[in-house]
Amino acid sequence: MMSIYEILSILFCLIGGFFFLAGTLGLIRFPDTYCRLHALTKADNLGLGFIVIGLIFVSGSVPEVIKLSLIWFLALVGSSSACYFIGNHIHLLSKVRENRNGPDI
Amino acid sequence: MNLNFWLPVLMLSSSFFTGLIIFFLKETSTRLRTALNLTGAVFKVVAVHYMAYRLLVLDHIHQVSFSMGLGFDFVLRVDFLSLMFLALSSNLWLVTTLYAVGYLEGSPNRSRFFGFFSLCVTACTGIAMAGNLISFFIFYEFLTLVTYPLVVHRETKVALEAGRTYLWYTILGGVLLFLGVVWLQVIAGPLEFVDTGALEALGPDQHNILRVIFLILIMGLGVKAALVPLHGWLPVAMVAPAPVSALLHAVAVVKAGAFGIVRVIFDVFGRDFAGFLGLLGPLAVAASITIIFGSLRALSQSDLKKRLAYSTVSQVSYITLGAAVIASFSTVGAIVHLVHQGIMKITLFFCAGNFAETLGLHNVRDLRGVGRRMPITAITFTVAAFGMIGVPPLAGFVSKWYLGLGSLDGGSGWIIGILVASSLLNAAYFLPVINALWFETPAKEWKTLRPSRFETPWMLLVPPIFTAGTALLAGLFAEWTWSPLGLARQIAFGMGVYP
Amino acid sequence: MTTLLIYAFTSIILFSIGLFGLVSHPNLIRKIVSLNIMGGGAFLFLISLAYHGRSPDIDPVPQAMVLTGIVVTISATAFALCLTRRIREKTGQCLLEHCPDKPET
Amino acid sequence: MGLIFDLIIGLSLAGVAWRIVRVREHFQAIVLFITFGLLLSLAWTRLKSPDIAIAEAAVGAGLAGVLLMDALGTLSSTRNQPLPGRFLQLFIPCLFLAGLMAYTILFIPADFQGLGPMVSEALPDTHLEYPVTAVLLDFRGYDTWLELGVLLVAVLGVLCVRQAGTIKGSMLPAPAEPVGRWIIKLLLPLMVLIGGYLLWLGAFAPGGAFQAGVVLASGGVMLWQAGHPSLALLHHVWWKILMISGFVFFLILASSSLLYNQQFMTHPEAKMWILGVEYAATLSIAICLISLVLASPARNQGDQRARKTES
Amino acid sequence: MPELLILVPFTGALLCFLFPGHIRDVIGLLCAVLTFVASIILTGNIYQNGPIRLNLGGWKEPLGIGMCVDGLSVLFIFLTGIVGLLVSLYSVSFFSKANNQSLAKHFWPLWLFLWGSLNSIFFVSDIFNAYVVMELISISAAALAALSGTNASLIAALRYFLLAMAGSMAFLLGVGFLYAQTGTLDMYLLGAVTDGGPLMAMALGLMTVGLIMKTALFPFHFWLPPAHGEAPAPVSAVLSALVIKGSFYLLLRIWCTVFQDTTASPQTATLLGLLGLTGVIWGSYQAIIQNRLKLIIAYSSVGQVGYLFLLFPLVFITLDPAWKIEAWTACVFQTISHGLAKAALFLAAGNLIHATGTENLKSMRNIADRLPMTTFTLALAGVSLMGLPPSGGFVAKWMLLQSILASGQWWLAAAPILGGLLTAAYIFRILSQAFVSDDQISCCGHVSFVMEKSALLLAIFSILIGFRSKEVIFLLSEQVYFVIQGGIIP
C-alpha cells in the first residue's frame, strides 16, 4: 500500500491545486485589476507552497529539498515584484487619466 | 612557313587592333589616327592580294581552326568565294576611310567613329573568312553590335530612332539565325562549309525539318539582305553620315546578308539539294518581289540618299535571285553582281555625300545644274548610274547579262521579264537625276560649305573617281582571268556548278 | 507510437498556424510572432522524432539541432525587431508598404 | 495516463497559437506568445529534453518576450486593430498544407532508430558524459561555431541598422521605486550563480553553454531594465572583444587542428580545451544577447521611457 | 585547402569589426586577395586530382558533419572569388567617398561574413548545416541590404528577411521530414536511400519551396527588385551576383544527391521549368518598363535567374545522357556569366549614378564621352547578358538551346529566344541613353580609377569565360560526385 508519505504528498498537492483553482477563479471573477492582482499573487503563491511541501515528502535527497524550497522562494520574489510593478504602472496611468478626463479604468 | 598559317588571323587582327587603339586615342590626335587607319587598310589590301596570289596560283587554301570546346570549332577558311568578298571589302574600306577622313573633318567623337569603323570591317572580313555556319553567326552578331554606334553617330533624336529600328530588325534576325544554326547543329552535328553533301545524307524523314530550318536561316539572313518584309531598317538608317551609309549599306551589312544567303544555298545545303527540297522557287519569287518593290519605292523618293537606299534594296535581291535559279550562268551572275553592285553603289553614295557636304544639297530636285559646279562628281555619278541601269560597257551590264542567260537555260523565263522591268525602273529613277545634273539650269546660287582648290576637298573627290574607274574597268576587261567575272567563274567552277 | 503522432500533429498545426499568421497579418510585429510560432512547430517535430526513437535515452542529435535552431531564431527575431523599430521610427507605421522618406517621428 | 497529458499539452499549444494569430490586440498577442513559450518548454520537458526546456523558457518566453514588449512600446495605439482581411483565401491553402503534412506523418517508419545509439557508443572517446553537449561541441562542432557566428552577425546587423558603433547610447534612468533596486540586489547574484552552475553541469548533465549564456543574458537585461550604471562601465573595445571571444576561441581551436594536419575542427585530446571553448561560448552568448536587447531601442530610449511614464 | 576559404573571411570580418579607420580597408582588401588566391588554388587542385571529402572533427559520416568539394562547387567558388575580390576593390574607394564614410565600419565585417558563409554553403554536405549557413547568409545579406538606411531600403530588407526566414523554416521542416524517413543528415547517405516514400516527396516540396523563396524564382521574386535596387552599388552587386546563387547551388546539390529518383521529382522539375520560363519573360518585361537604372538591372536579375531553373526539366526528366552534360554546362555557364555580368552592370550603374547624380535613366545625359570606360563596361556586360557571341552568355544560351531541342521539350525554347530578345531591349535602352547628346553638360562627379576599372574587369571576365568551356565541361563531367539518372558522363 502507499506509504504514509505518499498519502500526505497527494493530500498537500490536492490542497495546493485547490488554491490555484481559487486564484484562477478570482482572476476571472474580480472586477478591476487591483483585485485580480491581489487574488493571483496570494492564492497562487500559497498553492505553490502546498505543492512544494507535498513534493518534499516524496523527494529523495536533501539537495532536492533545498532546490524545491529555492523554487518556491524565487516564485514568491518574482510574483510579488511583478505585482508591485504592474500595480504601480496602473496607478500612475490612472492618475494621469484623472487629471485628463477623470474616468477610472 | 607559319606566316601563311596565321595569315587569316593576321588579316582579322590588323583592323581589330587598330580599331581598339583608335578608341583610346585623344580626339585631337587626328594625324596619328588617320595614319593608323590608312596603314591598317593598306596592310589589309596587300595581304588580300598576297593571299589571292597564293590561292589562285599555288592553289593553297588557308585554314585556321580553334576548338571552342562547345562541340564545334571556330574555323577561318579562305576559299574563292570568301576571297572575292575579302577583296571587295578591303579595297572599298581603304577608299571609304580616305573619304571618311575628309568627310568628318572637324566633327566631334571621331575616335569613337573610326574605332567602330575598323571593328566593323573586322566583322566583314570575319564573315568572309568564316569556315562554318557557327563562326559566320558569331561575326554576324558582332557586325550588328559594331554598326549600331555608327548609325547613331550623329546622336540626334532621329539618329537614335533610326538606331532603335535598326537594332530591332538586326537583333530579331540574329535570334532567328541563332535558332536555325543551333537546330541545324543538333540535327546534323558540326558542319563545315566544305562538305555540302552532309544534309542530303540525313535521309528523307528530316526533309521537313530541313525546310523549316532553311526558312528560318533565310529569314535571319534576309533581315540584313533587306528582303521585302524585313527591309524596313535600310531607308531609315540612311540618317547616318555618308561614309557609314556608303560602306555599310552598300558593302558591309547588306552584302553580309546576301553573302550569307549564297553560303547557305551553295555550301550548307548545296544548290541541287535545295532545289530538290523545292526551296529555291519561293526564294526566287521573294527576291523578284523585292526587286520590283525596291525600284517602285525608289521612284517616289525625293531625298537622294533615300532613293539610293531603296535601289540598294532592289539591287541586292539580284544576288538572291541569281543564287535561287538552278543554272550555272545565273550563279556566276549572282556572285559577280556581289562585287559589281558594291562598287557602283559606293560611288553613288560618295557622290551623294559630296553633294550634301559641299553644297548642302539633299533633295533630288535642287540638284539642278550641279554638273556645272561639280563636274567630276557629276561624271562619276553618271557612270555609276549607267552601270546600275545596265548600260553595256559597265560592270552592271555584265552581271545582268549573265543573270539573263542563266534564267534562260534555267527554264524560268519570267525572270527575264523581272530583269528587264527592273532595268527600266532603274532608268526611271536614275535618268531624271542625271538630266537634272547636266541639262537643267540651276534654280538658285549655291553657297559652298567646304571651300577647296578643286570643286570639293580632294579627299572627297578621289574615292568616287577610283570606284567609278574600277566599275568601268570591271565591265571592259571582264574576260580577264583576274577580273571579278573571272574570279566568279573560278568560284562557280570550284563549286562544280560551272560547265 | 501515439505520443509521436500527437506531438507531430501539433507541430504540423503550429507550423501551419504560424504560416497563416505570417501571411495574413499586415503588422510586422505580428508577422515576427507568427514566424516564431512556425519555428516552434518545426522544433517540436524534430524533438517528437527524437523522443520516438526507443533507444534508452532520447536521440541527442535532434536536441542539438533544436538548441542551435532556438539560438538562431532568437537572433533572427532580434534583428527583425530592430528593423521593425527603425521602420516604425522613420515611417511612423509598422507596415511593409512603402511611403516617402518622412522626417524622424 | 501519459497520453491524456500529451493531449492536453498538444491541444493547449494549438489553441494558444490559434489565439495568438486571431486576437485583434497586439498586446494580448504578445502576452499569449509568452505563455506559448512556457507551454512549449513544458512540452520539451515532457519529451525528456530538459536543456531545450531551459533554453526555450529563457529565450523563447523570456528574451523574445522582452524584445517584443520593447518593440510594442514604440507602437502608439494597440487598441482597435483591424482584423486581418482575406481570411478564407489564406486559410484554405494553409489548411491544405497541414492536411498534406499530416497525411505524410503517418508514413514515419515505426522502427525509427535515429542517430542515438551511434552517439552513445562514440561518446567515450569525446571525454564528455552528456550526449547532447558532446554532439553540440564535438560531433557537430561546426554547427555550433556557425551558430555563434549567426549570433554575432545578428548583433552586427542590429548595429548596422541602428548606424551605431556601440550599445553605449541606450542606458535607462534608474527607476524611482526602491523595489527595482531591491530586486536587483537579491536576484542578480542568484542568476550569476545559477548560470555558473548550469555551465559546470553541462559536461555530464543537461545544461551547458547555451543555457548558462541565456541565464546570464537575462541577468544583464534585468540590470539594464533597472538602469544600473554598471553596464555603462564596460569600455566599448572590451565589449567588442568579449562579444567575439566565443567565436574566436572556437576558430583558433579549430584551425589549430589544421596545424597538426588533422581534419578541420578536431578537438585536442585534453578535455580542458573543450570546456574552455564552452566557457568562452557562454560569455559571448551572454554578451551578444544583451547587446541584441540593448542595441535595438533608439538612442534616446532613456527620455522616451521617461516621457511615457509621465504622459 | 578548403577550410582556408572559410577561415580567412571570418577572421577578416572579426578584425574589421575590431579595428577602426583605414586599417579596416587594408584588412578587408588583404582578406579579399587571400580568399581569391585560395579559391584559385582550390580550383586548380580539384581540376588536377578530383573531388575532396572532409569529415569535420574527425568523425565519420552519419555522426559528424562532412564537407565535400567537387567540380560543381569549385565553379561557384571561382565565381565568388572573382566577384568578391573586385567588389572589395570597388568598395574600398566607394566607401572612402564623403557621404559613405560612416557606412564602411558596418559594411566590411558584414560583407566578409557573407563571403565566408557563401564559401561554406558551396562545401556543404550536411542538410542541417546547410540550414544554419543559409540563415547566416540571410541575416548578413539583409543587414547589408539595409545599409543605406533610406525608408525604401529598410522596408525592402525586412521584406527580404521575413521571406528568407519563412523559407528557412520550411527548409528546416523539410530536414525534419528527411530525418524522419532516413535517420541520417548527410546528403550522400540520404542519396543512397532509394524507397522515395511520401515523406521524401513532402521533404522535396518543402525544401524546394524554401529555397525558391531565397533564389527569387518567379512567384517569390517580388522582394528582389526593391532590395537590390535600393542597396548601395557594391552591396547590390554582391546580392544579385552571389547571394541568390548560394541558395540555387543548395537546391541543385539537394536535387542531385538526395532527390534524384523520388516519386515527385519529374512533375516538380517540369513545374520549376515552367516557373523559370515565366520568370524569364516576366522579369525581362518588367525590366523594360522601369525608369530607374538600378531597378532595371534588378528586374533583369529576376529574368536571368529564370534561365537557371530551365536545368531541372532538362536533367531530371529522362533524357539520353549525351545531352545532359550540355544542359549542365549551360546552367553553370549561365550562373557564372550572369554573376560576372550582373556585378559589372551594378558597379557601372553605381559609377553612373555617382557621376550624373540622378537615378532616373531618362535624365542621364551623354555618358559616352564623359565616362567612356563605364559605357564600355555597360556594353560588354550587356553583350554577355544578351548572349551575343564570344561571351559566356552566348555559350550558355547555345548549350541551353541545344539541349532543349535535343530533349524534345520545345516549349522551353521560348526562354532563350524570347528572353534574349527582351534582354536586348532593355540593355539597348540603357546603351542608347549613353549616346544621347546634351549641350548643357551637367557637373560630372569624379569617378575614381579603381571603381571604373573593377567594373570593367568584371565585364571582361564575363566575356572571356566564354572561351574556357573545355575546362568547365571537364570539371562538370569527371570531377563531380553525383550521378544523374543514366549517368552524367556521356
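So that you can tell them apart, the chains are marked A, B, C, D and E in the order they are listed, and the count of residues begins at 1 in each.
Everything below uses one rule, namely that contacts are C-beta pairs under 8 Å (C-beta built on N, C-alpha and C of every residue); 3 or more make two chains touch, one makes a residue touch a chain.
All values derive from a computational prediction rather than experimental measurement.
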Connectivity without subunit E (remaining chains kept where they are): A, C, D | B
item: Contact-graph distance - origin subunit A, target subunit B; value: 3
item: Chain at maximum distance from subunit D, centres defined as averaged CA atoms; value: B
item: Label of the chain whose CA centroid is most distant from the centroid of subunit E; value: A
item: Chain whose Cα centroid lies nearest the overall Cα centroid; value: E
item: Contact-richer chain pair [C-D vs C-E]; value: C-D
item: Distance between chain centroids, defined by C-alpha means - subunit C, subunit D (Å); value: 12
item: Where subunit A and subunit D are represented by their mean Cα positions, the distance between them in whole Å; value: 27
item: Gap in Å, rounded to a whole number, between the CA centres of subunit C and subunit B; value: 68
item: Contacts with 2+ other chains: residues of subunit D; value: 101, 105, 108, 112-115, 119, 139-140, 143, 147, 150, 153-154, 157, 161
item: Overlap residues in subunit E, where contacts from two or more other chains coincide; value: 128, 132, 135, 139, 142-143, 146, 154, 173, 179-180, 185
item: Contact pairs between chains, per stated definition; value: A-D, B-E, C-D, C-E, D-E
item: Parts of subunit E lying in touch with subunit D, wherever the complex brings them together; value: 1, 3, 7, 10-11, 14, 17-18, 54-59, 62-65, 67, 102, 105-106, 109-110, 113, 117, 120, 128-129, 132-133, 135-136, 139-140, 142-144, 146-147, 149, 154, 173, 177, 179-181, 183-185, 197-199, 201-202
item: Touching residues (chain side subunit C, partner subunit D) in the complex; value: 1-10, 12-21, 23-27, 29-30, 32-34, 36-37, 40, 43-44, 47-53, 55-68, 70-72, 74-79, 81-86, 88-89, 94
item: Contacting residues of subunit D [partner subunit E, same complex]; value: 100-101, 103-105, 107-109, 112-115, 118-119, 122, 138-143, 146-147, 149-150, 152-154, 156-157, 159-161, 163, 165, 237, 240-241, 244, 247-248, 251, 254-255, 258, 262-267
item: Complex contacts: residues of subunit B adjacent to subunit E; value: 23, 67-71, 108-109, 112, 137-139, 141-142, 144-145, 148-149, 152, 155-156, 160, 163-164, 167, 171-172, 174-175, 178-179, 182-183, 185-186
item: Footprint of subunit D on subunit A - complex, ascending; value: 74, 77, 81, 84-85, 88, 92, 96
